[in-house]
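Listed below are the structures to be examined.
Two complexes, one shared chain (chain A), two partners (chain B, chain C).
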Partner chain A sequence: MIVTLLSLGLGIVVAILVVYTIRHYLFTINRLIGRHRQPYLDIGIADWPETVVFVPAHNEEKVIGGMLDALLAAEYPADRLRIVPINDRSTDGTAALVDDYARRFPARITPFHRSEGPPGKAAALADASTRFGGEIHLVFDADYLPGPGLLKQLVAPFFDPEVGAVMGRVVPHNLNRSLLTRLLDLERAGGYQVDQQARMNLRLVPQYGGTVGGVRRSALESVGGWRADTLAEDTDMTFRLVLQGWEVVYQNRSECYEEVPETWPTRIRQVMRWAKGHNQSLARHGPALLRFPRPVRWRRGVDGFLLLGVFAVGPVLLAGWIFALALYFLGASLLEGPIAVLSVATFGTLGNFAAFFEVGTATRLDGSGRRVRLLPFLAFGFLVNLVAVTRATLSRTSWIQGNHVSWDKTERYRETSPS
Partner chain B sequence: MTLLPFLAVLAVTLAWFVLPLLPALRELLRPTDTAPLSVVERDAANLAYFAERFRLWITAQLAGLPVEIPEGDYYGRLPSGTGFVRVRNLPDVLSRGPRPDGAHDRVIVTDAPVTLAGRETFLLEVYATAPWTGGPDTTLRALYGTADVRLGSRSTVTRWVHADGVLQVEDGSRLFGRASSASAIRLGTGVRFERIGAPRIEVGPAHPRGTPEAVERTAWVPPERARTVGNHLHVDGDAELPAGTEHRGDLVVAGTLTIGAEARVEGSVKAHRSIRVGRGGTITGSVVSRTTIETAGDVAIGGPVIAEDEILLGEGTMVGGPGRETTVVAPLVTLAPGVVVFGQVNAGVSGTT
Partner chain C sequence: MAGLRVGRGRLLGALVLALAGTAAMLAALRPIGMLWKGMFEVLLPFLGVGGPVETRPLVVPGLPLGMDLPFPGSEAPWPALGHFVTIGTIALVVLLLSFALSSRFLPLAYFLRALVLIQGVSLAWFALATPPFPYPTPRYAAGLLAAGAILITSLPAILGFTFYIIDVSLVRKVLLTVLLIGHLIVLLPLQVLVHVWLIHQGSLLLQPVLFLVFGLLVEILVFVAFYGWGMSWPAQGIPELRR
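And then the complex of A and B:
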């Protein structure tokens, strides 16, 4: 009986892992030989719409000055751009710094200070977005450094009336700080250059990632605005838009520098937050996606579900290992086949096959040279992620709706604002 | 003794495991590739970017020349060491270059109006501070004209051309890379291009445009399967706006979209398949298709025109307007005579007139 149950469990695990492995390969092959879709990138001149750039900030005095300087230098019509730093109950010098910028650039920067209401980025955006007009709402985290042409690139897809949200590419700026930052650089490359762009190419569901992107205000309003009770307002927004019939667009060449975590504890906290938020969205939107409603259909429904499930794969993988070991020690010799498949699939999921192939392809597409040599170390990074994601997934916060959400701030490392 | 095979297997396994880590360890201990990826900068949307950079460079180079340079035509070297020819009096010096094949392998700087006979080849950049009139079959690497520039028939530009004045490109020419003007671009027929931009781009002879007549239009009745998504109307399947109808608001069609003659959309339209706009049709916003967009004559479009396969703009089609510059973008773009675009046309693969 126990052997049968373990065998069944192992079979399910193998099936799930094989699906994800195939998904990785499909995306990678698409990026190698498929048609590259970036239909809006070459819109260089247009009657640009009124745009508001929100910069949610909680204790960001180290970095927000650089962000505001970069936005002030943006090549976007100044009379159609409003910069709104959202200071959410910061206890450092963020409020004073933001106010100083507002005094110097009163026509361009309008700070929004929050001292009450629920804390957190989602709540801050939910609060601020209802108080400002503009057709397009862009969002940047405070540690980002957008180039001068980025805002136009991110706004251009909104000339397509079906586009509800746009996502650009995040590029680590501080990768020379540690092994972790270099591994994150590889991970980001695989995630954006291959994963996101393949979903764009295949007309699946690119994900709005909460920064270096934005939403159409009418789309935001049509889905009821930002939800304050989620840890991943970006994932949540992506699927609410998609389920209502809006398109989400990813633009690989709309690149922006970010500061990635430099220490493992910070990284683990970040991954756990993402995992919990993703799992919340899986619980909220997964069943709806698998009903394949009219705006989604089966291809986008399946892809969306798999995207939402990526952080649930960690515990599944661990369970598979446990099942396989148990079966081995129970002497279930008939299961050599599934065990072999599992070992291949899990090896692939850890990176040596599918994910490694994806990251290697990304570095090749980026023309980024010798950093790909660090690829074997990614296996260790994935193991850390596996444990962190499993802890997050097994936590109550992952699955219970309407939890108390607070700022789970990523530590900043920048000494001074870059010029 | 019995341990030996086990230890051997263990050693081989460890070696096998460590093997891929060797280059990784080397890169970790002696980093060689730690610069952040370079991101797209200012050159992406500004078609005149390379021209502007060249102008800055050449003016700095000319300012660095010794003051005793003689008047008249002059062969010499710029401070950077690049050979150049300065043409002040005698455009004839450009009729044949110094190379055996007659090509010019120096930067050309002209201070007087130049009219060429044709068939010249310029392997380096040309900087023309007076009107430049090229002859037929001329080949240029790049040209910056601070006044009007005229490229003769069947001319070829391999990298970029920019005119502060009017850029006129005669029949059969090929413009690889970028072509821009701060004033206007006039294209002949059979011109091939990639990226062109100017406040006004005209194709062929001027198209007669009368004063638009007031047209009585009836409101378009959407099919029953249409549903509202946010601020746009979404139609599953195909949709057609019959001639003389009008729709106010953005429209997204999951199939093909046909906009009849003299029909008007006050907003933007998108189709997952092709879009056809009949004669005299008007769309005040953008037009977006996942495949092709084809307009008949005298169509007016206010916003960007975006297709993932091909755009064919019919005779007299006008995109954008004075002071409302916009972009036409698709892998393949065909502009019929009489087309006027205010702004840019970006053909990812090939543009043709």
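And then the complex of A and C:
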């Protein structure tokens, strides 16, 4: 009886892993042979809409100067662009720094200082977005370094009135710092170059990622604005927009450079925050997606559900290993059966072997050459992710609505801030 | 946008190469079995592991192909008190070491703790259980070799789906396949010999962790390493980029 139940549990785990493996494989094949969608990307001259760029910041004195310099150099009509650094109760020199920029560029930079209300990026955006007009609201984290043409590329898709949100590609610039940064570079390549672009090509659900992207203000208002009580306001916004019938667009050629975590503890905190936020969104929007409402239909509903469930796969995989271990000691004949399949599946992103194919293809599409030889070391990253995601998923914060959220910042490594 | 041009010609080529590779592997199973038998007969005496080299048939369903799968036939001992003390102490030291490692080595620390967890379960199980163990060492060795043989035979098909469709030359595709399969054909019996030797030294207490962590997963990582190497090779001719 116990053996039957454990075998059934293991079979379910393997089935879930197989579904994710097929999904990643199909995405990669699409990137190799499919038609690529990149709407409006090369528009250079147009009647550009009024745009507000929000830069939420909490103790970002090391990096926010570089961000503001990059935005000031952006090739976007100055009279249509407002830069709003949101200083949320920083205790370092962030407030003084953004005020200094505002004094020097009063027509272009309007700082927004927060000292009360709930803390956190989501709350800061919820607060600030209601106080500024503009047709398009772009969001950048303070450590990013956008190139001059990026704002136009991100705004261009909004010429399509059905588009509610746009997401650009995030590329690490500190990849030579450690093995971890190298591995994160590979992961990011797979996630954006293949995964996001394939979802874009297949008209599934590209994800707005909370930075290097933005939303149409009318779309934002139609779904009730930013939610302050979530750890992943980006994922939450993506699915609220999709469920309301808005399109989310991914622009693979709109690259922006970020600083990825350089130490494993920082990486674990980042993954745990993402996992909790994703799981919150799964609990909130998963059932609605599987009812396949009219704007979503079954293909996007299933893909959206799988996207939201990606962080819940960690504990599922761990459960599979526990089942396998128990079956082994109970003497079940598994030497050439499910354990072998599970073993194969384990070496992918959260139990997905096709992830290696995805990452390898992404680096090849990027022309990144020899860095793909680090592929087997991704297993280290997956192991750490597995532990972090499982800890996050088993935490109460993952599933209980309306938790207190706060600034859970990723550590910055840049030594100085450009002036 | 950059993309690799994967036309019908390359897809057809990938299919042909995968089928040809699989057929070659199926035809090579018997000589591979003979090679493994020879390796066991030569190397087992050096390891001080007695017993005969046994064989069992491994057949390809529906085809007159397969191999006489050789495997070391000697039984490993049921754990004695000394085994419990020695392996328990090593596991404890490894656990303490995992907490002493700096955060730079966090993945290694997690890996070591996972090993200790599985070894701990093994210690507990053997402390409570009575002989026989469900997986006698000869059956374990044969199972690992059989799974490995199936994996090796499947490699041309797996590469067909993931590598042959990439824009590297035919010569390089064949080269990677030969290098990878050749590597695994040699690695697998050596790995089994190491496992059998360790189990004879440390008793059946070590068999679960060897099977679950250092079994087929080693071959998978070797495959990924070769695959990453192949994916780093330059494109054939002019890079086939399209907008």
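Simple rule for what comes next: the second predicted complex is superposed on the first by the 406 of 419 C-alpha atoms of A that agree within 3 Å, B and C clash if a C-alpha of one lies under 4 Å from a C-alpha of the other, contacts with A are read in each partner's own complex, and residues count from 1 in each chain.
Everything below uses one rule, namely that a contact is a pair of C-beta atoms (placed from the backbone, for glycine too) under 8 Å apart; a residue touches a chain by one contact, two chains touch by 3 or more.
Every value quoted in this text rests on a predicted model; they were computed, and no experiment measured them.
**Student:** Have a look at chain B and chain C on chain A after the superposition and call it: clash or fit.
**Tutor:** clash
**Student:** Check whether A:Pro148 is in contact with chain B, with chain C, with both or with neither, and answer first, second, both or neither.
**Tutor:** A:Pro148: touches chain B, not chain C.
**Student:** Looking at the overlay, does A:Arg370 come into contact with chain B only (first), chain C only (second), both, or neither?
**Tutor:** A:Arg370 sits against chain B and chain C alike.
**Student:** Between chain B and chain C, whom does A:Arg253 touch in the aligned arrangement: first, second, both, or neither?
**Tutor:** Both chain B and chain C are touched by A:Arg253.
**Student:** Looking at the overlay, does A:Ala73 come into contact with chain B only (first), chain C only (second), both, or neither?
**Tutor:** Neither chain B nor chain C is touched by A:Ala73.
**Student:** Using the superposition on chain A described above, determine whether A:Ile2 touches chain B (first), chain C (second), both, or neither.
**Tutor:** neither
**Student:** Output check: A:Ala219 vs chain B and chain C. Expected answer is one of first, second, both, neither. What do you get?
**Tutor:** The answer is first: A:Ala219 touches chain B but not chain C.
**Student:** Is A:Val171 contacted by the first partner chain B, the second partner chain C, both or neither?
**Tutor:** First partner only, chain B.
**Student:** Quick one: classify A:Ile33 as touching chain B (first), chain C (second), both or neither.
**Tutor:** After superposition on chain A, A:Ile33 lies in contact with chain C alone.
**Student:** Does chain B (first) or chain C (second) touch A:Leu325, or do both, or does neither?
**Tutor:** Second partner only.
**Student:** Just one of 1-9, 37-45 or 217-225 in chain B hits chain C in the overlay; which is it?
**Tutor:** The segment of chain B occupying space taken by chain C is 1-9.
**Student:** Which chain A residues come up in both lists, the one for chain B and the one for chain C?
**Tutor:** After superposing on chain A, chain A residues 253, 366, 369-371, 373-376 contact both chain B and chain C.
**Student:** So in the complex, the part of chain C that touches chain A is made up of which residues?
**Tutor:** Residues of chain C touching chain A: 1-4, 6, 11, 103-104, 106-108, 110-111, 114, 118, 121, 125, 134-135, 139-140, 143-144, 146-147, 150, 161-162, 165-166, 208, 211-212, 215-217, 220-221, 224-225, 227-229, 231-232, 239.
**Student:** Which positions of chain A touch chain C when the two form their complex?
**Tutor:** 25, 31-33, 36, 38, 178, 197, 252-253, 263-265, 268, 324-325, 328-331, 335-336, 339-340, 343-344, 346-347, 353, 356-357, 360-361, 363-367, 369-376, 378-381, 383-384, 387
**Student:** What residues on chain A touch chain B, complex-wise?
**Tutor:** 37, 39-47, 75, 147-149, 152-153, 156, 159-162, 164, 171-176, 179, 182, 185, 189, 216, 218-219, 221-222, 244-246, 253-257, 294-295, 366, 368-371, 373-377
**Student:** Give the list of chain B residues in touch with chain A in this complex.
**Tutor:** For this pair, the touching residues of chain B are 20-21, 23-24, 26-28, 31-37, 39-42, 44-47, 195, 197, 227, 229-232, 234, 236, 250-252, 267-270, 285-286, 288, 302-304, 306-308, 324-327, 329, 343-344, 346, 348.
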